[in-house]
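Same chain, two partners: subunit A is paired with subunit B first, then with subunit C.
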Partner chain A sequence: MNDQIKEEIRQYILTEFLPGEKPSNLRDDTALRTSGIIDSVGLLRMIDYIEERYKIQVEAHEAGVENFDRIEDIAAFIQRKSATGA
Partner chain B sequence: MSGTVSAAPRPGGLPAPETQAEHSKPEFRRFALLAVQLGFFVIAFRFVDLGNSAIFKLTCLIVIGFCISYWLPFRLKEPFFILYSLAGAYVLLDPVSATLLIAAGLVMFGILRSALAYRWRVAAMIGLAAIFVYVRATHGLQIPKAFWPAFGTVFMFRMIIYIYDLKHSSQPAQLNEYLSYFFLLPGYIFVLFPIVDFHTFRKSYFKRDIHTVAQTGIWWMFRGTTHLLAFQYLVRYGLLHTVGPGKGLLASRIVLAYFAYWPVSGSHHLIVGMLRLFGYDLPEAHRRYLLAHSVLDFWRRINVYRREFYIKIFYLPLYFKIRRGGELRAQLISTAVVFVATWATHVAQYFWNGTPLFSFGEAFFWGVFGAFAMVNVWIEYQHKKHRPETDWASRIRKVAQIAAVFVFVASLRYSREIDWAKLGNRLVPGLHLKTAAPAGPTKE
Partner chain C sequence: MPEPLFPVANLCGYLEASAERFPDRVAVVDPDGSSVTYRELNDGADRIAGFLAARGVQPGDRVGLVQPKSVSGVCAIFGILKARAAYVPVDSTAPAARIRSILENCQVRAVFASARCAEIAARIETVVVTGAPAGPASENLPQGAVAWPKVLEHSPLAADPASRRAGDLAYILYTSGSTGVPKGVTLSHTNALSFVEWCSSVFHPNQHDRFSSHAPFHFDLSILDIYLSIKHGSTLYLISEELGKNPAGMAAFIAANRLTVWYSTPSILSLLAEFGDLERFDFSSLRLVLFAGEVFPVKHLRSITRQWPRPEYFNLYGPTETNVCTFARIPLPVPDDRTKPYPIGWACSHCTPLVLDEDQKSVAAGDEGLLYIAGPSVFMGYWARPEETAAAFLERDGRRWYNTGDVVRQDPSDGFIYVGRRDRMVKRRGYRIELGDIESALYRHQQIREAAVVAIPDADAGVKILAYVTAPEDARPSIVELKIYCGQALPAYMSPDAFIFQDNLPKTSTNKTDYQSLVKKSSTKL
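Take a look at the complex of A and B:
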């Protein structure tokens, strides 16, 4: 489940923010927010995608770098939210 | 690199203790390599003037602390870091200021840890802050001057983050987390301290192998040192004295106003690099801001920690509240609020540091910056997808954009140095605005 989410998020980021980039260059622990790959506007777009795709509701305090800086963090967050049914 | 341990992370994404312990395992050869490099910093800072004599003392403390902490068992590393940092306050500050700082911190922790409802704890903190502001403004209680900049640096921004995170935390405030987050050794001497995020700070603790994290930290320390040295070069050779209206060529004054930012980026790289030596895998504080190709891109690259602070505390809560009314509208309003908050917090920061408070130049700087950023938000909204630009025409266009952003930011920074009241008095007969000395060239 977690691996599948990671792959989906990776594909989304590659398509939306890093077109032309090799998938192998975007690792699970690559910093996305703090490295500038995804800015605040990009983050909002990604949250829209995640809310729609995984049927979860992201709150403002959950949208910080602690959950949205790395693919592994994003996947873990989605899994936690899905598990609690939020 | 030991990165094979994959114990389940704790709630909130904190690494599992076994993972952290694995990442802290010492290796003599790799330690020696790190220690030798740090030794060079100690020697260099002994003889080179970086504009702050306390940097040498701080670096000695950091290197000694690293050499002890490195060999301690994992469970003792954090208690050591806390005690060492508290004791360090007495080395880097005068005893009265150090005692007051720790006492103020403990009083605030007592309020935040109390059984009061969250809103009452926040109200008590606001009341306490009002008392501090009053004492600072009136120079009351014979508090040493050195106390206030350190107090502002240690508590102003990080307390806002801490209180915000506490609201959404499932557990009450923890003393070890509180002390390790606030009482960081470099925070006692650098008034331009990066606004470290609480969650990021906690979550980054021994998240990766210490040798990799520390080596990057050393590289950032070196990077920071070059910025500080370059700034000292400008000062020593009198170039920076040309900053300000009516001195030297206008073009050189504008360019130098830009480079007056080096002490900020330099100290941030140095500070974050130092914290990484203790296992905090913190992100880069500045990302090659000279290569920004738009105003928004500049905002994203410069002072990354500060930007994340505004996004977390102002932008996201407001955006999420109003996004149903339209995405672009919400983005524009949130961006405007962020820039108003940026101006207001800079003014508050000057208050603690004892520099002049309100100036037209400061408001003009953030007003123009914010207006351009909003235009950029609108443009980016219209062109959501970025395609890679690899042809020569695109590259040349990008270089031109980078040059334009440089000129824009440098001019805007220079505008902060202008005595707007004096200019107004000259342009409008009968206007008698009070002129004020600018707060100095080094500003965030």
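Take a look at the complex of A and C:
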């Protein structure tokens, strides 16, 4: 489950923010927000996608780098949220 | 040209008149929710002027302002102006080197800075630290720095209206320069007054209006926010940088404070339309929505005007050098099938437009040409750059015409239509970007051999920036690497949206980079 989410998020980020990049260059622990790969507008778009795809609600206080800086954190966050049925 | 006549001697006059008429009305609301009345704001500004004068700040001196937006910042602005000095607002989130280069370029005598930025400005004679420094107060101040409360204890400078000259320098706004070094656009009180008076005649604000202040003070949108609001005794709501990027939070803020006038770049309105969840709130107080700084993608304009059907919408156009010089009211509703951006409209009454071809000859009605502007809002010049200043102007019929560099065409019913630019400047999120600056940054990357950056129009983002690069086959950086590199080397708004590796860049017959063919190639790619 977690691996599938990671791959989906990786695919989304590659298409939206890194067109042309090899999937292997975007690792689970590549910094996304703090490195400038995804800016504040990009984050809003990604959250929109995640809310729709995984039927979860991301609250403003959850949208920080603790959950959204790395693919592995994003996937773990999605799994936690899905599990609580939020 | 005779000097235009204004109801006040300079920008300070707006605050003083409102402090007379509405001493107890709220003038400015801080992002933290605290506020000051007109009397308090004027009194604070008098004390700051007294402090600066005691510190040896002379008329004509420059004073920096490097801090997040706050009531103290507005107070400092008026204090600086009352001391007959000019303020230089600088992005407090910019890299330290950029902040330092601006403060050094115009040789500020004093600076008002947040605790973080005070360190950067430490070499300047007078440093005032605004906002609470972390930890026990005065211990954390850089050596020689003065804490904000101390400044407010100073005795006020007695106003001497007779000494005020509308032609004095009021502020300097730094914009991206073609060589990668920011250039300072110098503006006088007359420049701002003529623009604010025009705004009054078109937008009719009054003391019951509640203005947004979304743009940072180093953006020229802030001139309308601050001075139009203060002139009319309205209340100005400062929006912090953080809130300003959070559409759902901004929507709640606009509704909760019942803002009546909103002014921002189209990017921000697009964000509100797309992510603001606007249906949750009541926006019935909003009467006026103004936007400027870039082309508004029609798709998002349609969306925001549907969600906010009540206010009037105006497209304001103009470079920092002239402030707003043309404007167009957007007729609602925006038709379903419209994709063509709206015109920039008609010249403001204080501006005279002229459309000329490359040889500075008039073009036939309806033909494309470069837009020149003359009038009292046209800037004084670029700070310490006489050659670039001279190059920006055309002298004709005894007037100075500023060449905006923007190509327009005049339509008999719509006024001016923005066509584009012949140079390599683009605007994104209201920021000017010289594509050559992005190339220079890419050339500094060790593995990059060649770089060519192009911008193409985009229905969603307004503009997309693509970087074509070449690198040795065996040492190609990954796109992730290039993105991260640009994140460090450039401000976020300048980072390319995509990188495309090429074996060679296409060349013209004279062996220059063939940008035309790259643009053509890019347009089919997206």
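Just so we're on the same page, the second predicted complex is superposed on the first by the 86 of 86 C-alpha atoms of A that agree within 3 Å, B and C clash if a C-alpha of one lies under 4 Å from a C-alpha of the other, contacts with A are read in each partner's own complex, and residues count from 1 in each chain.
One rule holds for everything that comes next: contacts are C-beta pairs under 8 Å (C-beta built on N, C-alpha and C of every residue); 3 or more make two chains touch, one makes a residue touch a chain.
What you see is a predicted model; the values in this text were computed from it and never measured.
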Message = Looking at A:Glu7 after the superposition, I want to know if it touches subunit B, subunit C, both of them or none. Which is it: first, second, both, neither?
response = neither
Task = Could you let me know whether more residues of subunit A are touched by subunit B or by subunit C?
result = B
Ask   = Counting only touches as set out at the top, which of subunit B and subunit C does A:Lys22 meet: first, second, both, neither?
value = second
Message = Taking the superposition on A as described, I'd like to know which of subunit B and subunit C A:Glu51 touches: first, second, both or neither.
response = neither
Request  = Could you tell me if A:Ile37 is touching subunit B, subunit C, both of them or neither one (first, second, both, neither)?
outcome  = second
Request  = Applying the touch criterion given at the start, work out whether A:Asn67 contacts subunit B, subunit C, both or neither, answering first, second, both or neither.
outcome  = first
Task = For A:Ala76, decide between first (touching subunit B), second (touching subunit C), both and neither.
result = first
Remark   = Residue overlap on subunit A between the subunit B interface and the subunit C interface 17, 19-20, 31, 35-36, 39-41, 44, 60
Query = Mind pulling up the subunit C residues that touch subunit A in the complex?
reply = 245-249, 267, 271, 274-275, 478-481, 483-484, 486-488, 492, 495, 498-501
Subunit A residues touching subunit C - in the complex, by the definition given at the top = 17-22, 25-26, 30-31, 35-37, 39-41, 44, 48, 60
Message = Residue numbers of subunit B touching subunit A in their complex, please.
response = 9, 12-13, 164-165, 167-168, 197, 199-200, 203, 208, 283-284, 287, 296, 300-301, 304, 308, 311-312, 315-317, 319-321, 323, 327, 331, 377, 380-381, 384-388
Ask   = Can you list the residues on subunit A that touch subunit B in the complex?
value = 16-17, 19-20, 29, 31, 33-36, 39-41, 44-45, 59-67, 69, 73, 76-77
